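Each of the next two complexes has subunit A plus one more chain, namely subunit B in the first and subunit C in the second.
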Partner chain A sequence: MKLAFPSLKSEDKPILIASAFILVILSVGTAYTVSTQGSAPLLSPNYLLQQLQTGSFLGIVAAGMMVVILLGHIDLSVAWTMTAAAMMATTVGGDLAIPVGIAIGVGVGLVNGFGVAYLRVPSMIFTLGVDSVLRGLMVAHTGGFAPQDAATPLMRTLASSRLMGIPSAIFVWLAVSIVIAVMLKRTAFGRQIYVTGNREMAAYLSGVRTRRVILGSFVVSGVCAAMAGVMLAGYSARAFQGMGNAFLLPAIAAVVIGGTRILGGQGRYAGTLVGVILIVLLNSVLSIMQMPEAGRQVIYGAVIILMLLVYGRGGKVHS
Partner chain B sequence: MTADHPIVQLSGVSKHFSGTRALEGVDFACFGGAIHGILGENGAGKSTLIKIISGVLQPDSGEMRVNDAPVSFSNPTQAVASGIVCIFQELSLVPDLSVADNISLSSPPRRFGLIDPRAQRRRAEKLLARIKCEDIDPNALVRELSLSRRQMVEIAKALGKDPKVLILDEATSALTSRDVETVYELLADLKAQNVASLFISHRMHEIEQLCDTLSVFRNGQHIQTFPKGTHSDGEIVRLMIGREVDAQYPPRPAPAPRPEHLRIEDLAWENQLNGINLSIGKGEIVGLGGLDGQGQKELLLGLFGVLRGMSGRVSIAGKPCRPKSPAEAKQGALRIALVPEDRKTEGLMLAMSIADNLMAASYDRVSDGPFINAAKAKRAVEDGIAKLRIKLGSPEDPVATLSGGNQQKVVIAKWLMTDPDVILLNDPTRGIDVGTKQEIYRLMRDLADQGKTILLYSSDYAELIGCCDRVMVMYDGEIVASLSGDAITEEAIVAASLNVSDTQTMPGLPHA
Partner chain C sequence: MRNKRSPLASTIRQNPGFYGAIIMLLVLYLVYNMLHPRGFSAAVLIQNSNESVAIVFLAMAQTVPVLLGGLDLSVGAIMTLTNCVASVVVNGSPPQIIVGMIITLATGTAFGLMNGLIVVYGRLQPIIATLATGAIAVGLALFIRPAPGGNVDDDISWALTNDLYELVDTYGWFDADAAWFAPISWFPVPLLIVVVIAFGVWLPFKRTVTGRTIYAIGSAEGAAYMSGLNLNRAKIAAFTLAGFFAGCAGLYLAIQTSSGNADITQAGAYTLNSIAAVVVGGTSLLGGMGGAIGSMVGALILRVISFYFRIVSIDPLLQPLVEGVVLLLAVSLGAFRTLRVKNQLNLFR
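What follows is the complex of A and B.
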């Protein structure tokens, strides 16, 4: 058997590979448009900014998801956390809309964290259950229809206005990214997430309050999902049923493509950023190429599996 | 010894685990129709020996022959095919399957390619009847059985494999006395059928009653094999200990009155701890001796706040001490540290950097509010590395790249960074090199001289003798002997560990 931990830079390898793959996607897409339309819209700054704007919702969800995956857990409730936060925010409206949306995220995170850390239910089951409960509650709340309440002006501004020519959603994503990256790297809580995700027993015996760390991480994930939901409602001008459904799998894929170990303990935030950009660009290039929906799904899934095969299998040895 | 040719013969077998030797050039033979006892201290190589014979481990060098034909097993199934069956100390039953399923797990009786439950059940009944366990329902789930019943199922399972060589590793330790009698009869039966039995037990009287031949192991070497009755208990104990001392210990200070710091009264937990009373002073090193699994680990974990539902009283510096978690144990007035048993799973985050591992217990000391102060963290890490002289490339390297000894130093340094008053050590020198061992011994004495209270469990008796001011020998969750000063001798510790009290070399030991 080879060395289990080959080099110091092993965490950077996935980031480099994913970045290279982004360039591949861009050049393949550009080659396609040049040959068919004689232009290269993919490389125009405006197009890229627009992609990043739609990517920012996924990016915020993925940021929270990464924190939970670093613990070796998963949060499958993000889809309906987004929807619930968006619906409650639009229902309440006014100045309280955004705080209420965020509060929904905190609440869902506390419930998830309590179930996983204190009741010791596997996160895959517990968060799936919470997702279903939220969906039921939202159907009951809206009667199964799209709510008529519109997003507040502040929500719309955050999601779809431009500041200095750059979509403000990107600034929100950037701010969330800075907070998460600093938290993971520079705070005791962040380091304890890595320690706990690496070896919960050793963390506990080192006097880390592992249950609080798990609880806190689920709250972070809940808040991120809620923020993304509130912004998505602002972007679409209102909340609607199942608006978060398209985000769960891409969020997990972005985190894992970015090199975070799905079993926890290892991963850098920069990787998640790269992973989100990769997924967003892949989606948009496939749609530019007018790939039918069926083919898009197949290619999209195959690329994710391929990326994981390239580097996801190496670091499994852990004893 | 009834046969001329050994069934199993090992010559020159060696086995190393990451630098430490488990077996070194062992020649060993066992014969059909004999019950062969294997004796040795913890870590003498007994378990490695039987694991090699039964195909669980592969030797690094040397040769093994079964019935004169050279063999090399790459897994236990091949050993079973050659008639070598082992009953392991750790039970190998699947708790959620029925007794009958478990007994026929590896080769169930089949009918049309499907498992035949009725034949399986009849087979289980027959095997259980052979060891007089008709009371066990073959349809019962193993998880519903008591530990002693499970052990008997384990024995039935082994019998079902039709052994030519049967290995029993501490197989009687969980049994009731009636079952032990049954096992004795069974072994006598098997002996008449020319089966060879290898019997490992820490109970001296069992070995004396049962075995024809005894082999003593020490430090991975086969010391001597002799027929029963040619050596006295005292001689056997001396053979197990040997005379070599391979480590230097710092001088022990003269006994002095020390203010009491840690006091334990009537501490009990499940049936692992049965009323521990112990008082340790500031600046004192107290050792816990005895065989593995007599409650030493539970005592340390209990003091550290890991175990739920303990009874009894513990106080530190006169104040009651009842931490509910390690996080509470390390803080405030208690200031307890624990160097755990298994550094790879309990002590370290192997994939993380040395710096992260060092800081894992003391984030609160290097942080301003929620933020880690990079300068403080760097200083703390450098301090820890310097204090224990950890040999490393960069503090950012994964801790897995260090040698075993340096890894253990990281665990110890991590805890010294919390500035503990009470230090609990669970076998801190296991599997590390002699040089690092000596550094750790010196460090423990230095810490004691600074007024720390140290409680050390070690499976190495020489270490207890060399390092400790007092040694408490535990047996079955109780302290059965308290030794101090010159009364700490290997003879006294070994005798108390085995709970025998009739060797001439241990005057004044309490009978337990």
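What follows is the complex of A and C.
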């Protein structure tokens, strides 16, 4: 009998269930549009590609966030890292725009990593402090107004042009995904992230330089957030205050829905991909249904709870 | 062997974070009043305490789940929800107002209870479960109040946000000008409310078996389980109490602003500030150490720092930056622990 139903690995279960739920969302949305408008825009490839294009910013942030969550830490500074990178990139402009944006991400990641790994301040609170410092820096830099500098042509191309009919933002997301997935699966650094996330003391005693691993992971998260910020600036043609605020909680939710354990040490990158797609499609179906913000928030919260109740339950306490 | 240290000295030695925070608050507030153009005045104290009540209650709310070793990311959202509920029900005749306040507090408490049930019986991580229920709370708040506004009884708004003299005078309980009343009539009502709730709800609760169990779970959950303590009851109680305190915050916010506002950004900012206040107040995010009184002090410290911007001439554009740097430095103070650690392995707990 076991041959007929190959047993599922515990890591695959969330991915399968989340994928099934994506199909449910699509069919419910399609049933709604067919019954009210007599058309099925949700199933047209063009619409789906467009959704994935807007989802690619969230996808890139979530990729970085996952690396940090795998360590059992969290990066609450992504919102203003995105904004800071976007603002500095548009301010500098020219060929240097994107490198400057990425450099901001590296810098923020180094500060976060230093605080968490070396000063041993809980990441939840340290990254929160860094977030408010970044916000203060950006308010001081822009005078509290939306900066007038426009995104450079390269940024716009990356974020909103199409290559072979497919939005190029999706290619960037794909590239980031491949890099992160290979890093987690095939490099020593990736394996050390899992080990450190499982039990830092054991990892340290086995010769893993856990502090450097933590530092490196926060840099990855900072760079991902900065890239997403630069691209978002390209997509909306300029940077503006608080442009990253809408990404923090969905990014955490996407990672967790994808089956990554919030305490660290367990999770697959494919899950995060599925989680991002689930959240993006859920959002777009709700906006097609013209659901008011109130209903959206309730459904959003309920879906996260339900998905986690299905597969995210922890073990009972024994001794 | 006789203990040479007096009891006071040993409690101070055992709770450096808490007593450090109290001293820091006293110094900060003293200097603030000395720098203030009006000097020490009751009016400034009333205004300051009015602006601190919501975050103080929220910090107390956050403390209880943090003592378990968890986090409640929904406290700001529960505050927003109860704020909107209060803006609808707290008006009318005095009995109606009292019923309205009870409904408001019950809403917060019930939401906290739901959090507790989900965390305990759903066996989910508190941080992620409350992230989701927080979205639900904000959604419900938006249903109740799609646009900011509302109607809170004017008398109660006035009476509860001023000093004791106005409270007595508004409701005519007795002659507010009586001689015996004069020495205490300057005392701000909001401060009194906070003190009554903190010492009337938190301290008795802390001394119960359930309250001690919360500390035990935060220190070592396995050991608490083996000692036969009722873990589930303590966890549910912790989240319920958090909901109650968040309800107090929402109710007071409604009374203070005379309106309800379902603002998602505000809910998030309050939640994050509550975590910062808990840490500044000497409660360990790992659980098992600290208390709501400390968080109250922590929240007040953060508030007093922001009051400084009103009297110290500083470019308003630099204000968020200074606030952020102060927050970052305050939470990094705990890092001095790492310098004293003799065994490196203790760092990796």
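Throughout what follows, the second predicted complex is superposed on the first by the 305 of 319 C-alpha atoms of A that agree within 3 Å, B and C clash if a C-alpha of one lies under 4 Å from a C-alpha of the other, contacts with A are read in each partner's own complex, and residues count from 1 in each chain.
Just so we're on the same page, a residue touches a chain if its C-beta (ideal position, glycine included) is under 8 Å from a C-beta of that chain, and two chains touch if they have at least 3 such contacts.
What you are looking at is a predicted structure, and each value in this text was computed from that prediction instead of being measured.
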Would you check which partner chain A:Gly265 touches, where first means subunit B only, second means subunit C only, and both and neither mean what they say?
first
Which holds for A:Leu128: it touches subunit B only (first), subunit C only (second), both, or neither?
second
Applying the document's definition of touch, where does A:Thr187 land relative to subunit B and subunit C: first, second, both, or neither?
first
Most subunit A residues touched (candidates subunit B, subunit C)
C
Touching A:Val256 in the superposition: subunit B (first), subunit C (second), both, neither?
second
By the touch definition at the top of the document, which applies to A:Arg209: first (subunit B), second (subunit C), both, or neither?
first
Go through the superposed model and pick first if A:Asn198 touches only subunit B, second if only subunit C, both, or neither.
first
Does any part of subunit A touch subunit B in one structure and subunit C in the other, and if so which residues?
201, 204-205, 315, 318-319
In their complex, what parts of subunit A are in touch with subunit C?
76, 115, 118-122, 124-126, 128-137, 139-140, 143-144, 200-201, 204-205, 210, 245, 249, 252-253, 256, 262-263, 292-302, 304-305, 308-309, 312-319
As the complex stands, subunit C meets subunit A at residues 71, 118, 122-125, 127-129, 131-143, 146, 221-222, 225-226, 231, 262, 264-265, 268, 272, 275-276, 279, 285-286, 315, 317-325, 327-328, 331-332, 334-335, 337-338, 344-345, 347-349
Residues of subunit B defined as touching subunit A within the complex:
304, 306, 325-327, 329-331, 338, 340, 344-352, 356, 359-361, 363-364, 367, 370-372, 374, 394, 396-398, 400-401, 414, 418
Residues of subunit A touching subunit B in the complex
4-5, 8, 186-189, 191-192, 194-195, 198-199, 201-209, 265-266, 315, 318-319
